[in-house]
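Two complexes follow with chain A in common, the first pairing it with chain B and the second with chain C.
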Partner chain A sequence: MPQEETTEFELEMPAQAKYVGLARLLASSIARRLRFSEESIDDLKIAISEMCTNAIVHTGNGDKPPILVRYLAGDGFITIEVRDRGPGFDPACVLDRERGDLLGKGFGIPLIRSLVDVFECDSSPGSGTVVSITKFVDAG
Partner chain B sequence: MIDEEKGGTVLDVAVESFGGRHLIALSGEVDVYSAHKLRETIKDLVEEGHYNIVVDLEKVAFLDSTGLGVLVGGLKRVRHHGGELGIICNQEKILRIFRITGLTKVFPIYPSREDLHAKVEEA
Partner chain C sequence: MEISVTRAGDMGEIAVLRISGVIDSETVERFGEALEEVFLDGCYNIVLDIEGLSYINTAGLSIIADAYKKCSQNKGALKILRAAEAIRELLDVVRFTKIIEMYESEEEAVGSFR
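Right after this comes the complex of A and B.
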């Protein structure tokens, strides 16, 4: 994550599908204030939707620990971090996934990686998962 | 688009007959909350014996991988019966997602209903 001064927003939301749109809406509002292009805002909306969807799927829908979404707005960039308290996994399983097996294993992670400038995933079995993305305003 | 009373994403689904095919017209956002509506509509059509389906995405404001997954699932379902599932879309922001995931090579994609109609007439 870039080290410049940032403004931070947090959204703690129930691990339920109906709140993903809210996380998306907040991302697009912040990105618009940072003067991201509409195309980049569309990219961010997809990325955060994928991140929250993954968090919900891994945490379980319903009466489960909430998901924490942090938005860090800086000079020319936005970083979004989605933290769940699910069972966690070996991140190498998703970081190594390439397009060739998309049809078999899902489009989410490869899609995020192709739409943002920085993608990080920190997880281990039993400790939950933190997925973080950064996109720069002038990166297109 | 969020339904302020119920919460969650709004997605309207309408089914029409079009040139011997069944056309599913979507309006709104397709994500993990709303995609089940599309999944169930495709499933119902296939169970009724309709295997040539086109999904119109022209009024879709947002589509993520959950929506793509439902479309791929629908495609597999109709192809199992010798049918086809096509897409109508001329929105760059949606087409881009199909290109990134390689799905432009998987689905027949028509820029408009008129183009679909012309293809049907040709066949």
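Right after this comes the complex of A and C.
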């Protein structure tokens, strides 16, 4: 993967925990090619596991629509976006939710924020949720 | 997704699955079923011709990984033929190309079982 080029993958993932490992593997492989440190790769693996787990939990029960994971990698950065088609929520309430009903299903958004350089969350009730993270090579 | 199965090899001991289109949430089950049918026939020498495949999801990748394991456990092998560049790059990134043999010609892929 030449450093100047941008690489993009979009992967559809059934909303099931058994597929999270592949999403994690893809993130770590791309990051390794970009010469991220092993510590940063571990951070990314934890972050994407949390993002996918949250998306699976938010997607609800029954016949779950798939989750979309998008990887964008360029010169010294990787951006990963996880999009679910769950009920969505008000992002302003996210910290309360973290302390409340999501506790015990993963460490959630505060942990993801602490592991990456840029964190974005776009959601509204009824429209699903997009969580996006970016990590830079030099940021360690 | 279109999928067809033909047999190759002197005794028809190799199944060549030609897959085109996309393997996504709508079609992945059919992909798994096609492989299962081949296994039910007792065939564990498989060539996946994916020249016409333009997209594969994580469930499809998992099915390929499981099929590779099943073939190996039954003294057979699974090989991939003519992966398009984008799919090849994905298979490379998830390290499938480190364990699964990739071929550009059917003759070579089929011949590799001898």
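Definition applied: the second predicted complex is superposed on the first by the 121 of 140 C-alpha atoms of A that agree within 3 Å, B and C clash if a C-alpha of one lies under 4 Å from a C-alpha of the other, contacts with A are read in each partner's own complex, and residues count from 1 in each chain.
Basically, a residue touches a chain if its C-beta (ideal position, glycine included) is under 8 Å from a C-beta of that chain, and two chains touch if they have at least 3 such contacts.
These numbers come from a predicted model, not from an experiment.
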item	value
Touching partner for A:S114 - first (chain B), second (chain C), both, neither	first
First (chain B), second (chain C), both or neither touched by A:L11	second
Which superposed partner A:I30 touches (first chain B, second chain C, both, neither)	second
Greater residue coverage of chain A in the superposed arrangement, chain B or chain C	B
First, second, both or neither for A:L22, with chain B first and chain C second	both
Touched partner set for A:E50, first chain B, second chain C, both or neither	first
Contacts on chain A seen with chain B and repeated with chain C across the two complexes	18-19, 22, 25
Residues of chain B defined as touching chain A within the complex	1-2, 6-9, 29, 31-33, 62, 64-66, 68-69, 72, 93, 97, 100-102, 106
Complex contacts: residues of chain A adjacent to chain B	17-22, 24-25, 39, 42, 45-46, 49-50, 52-53, 56-57, 99, 102-103, 106-108, 110-111, 114-115
Of chain A, residues touching chain C in the complex	7, 9, 11-14, 18-19, 22-23, 25-26, 29-30, 33, 65-66, 69
Of all residues in chain C, those that touch chain A in their complex	24-25, 57-59, 61-62, 89-90, 93-95
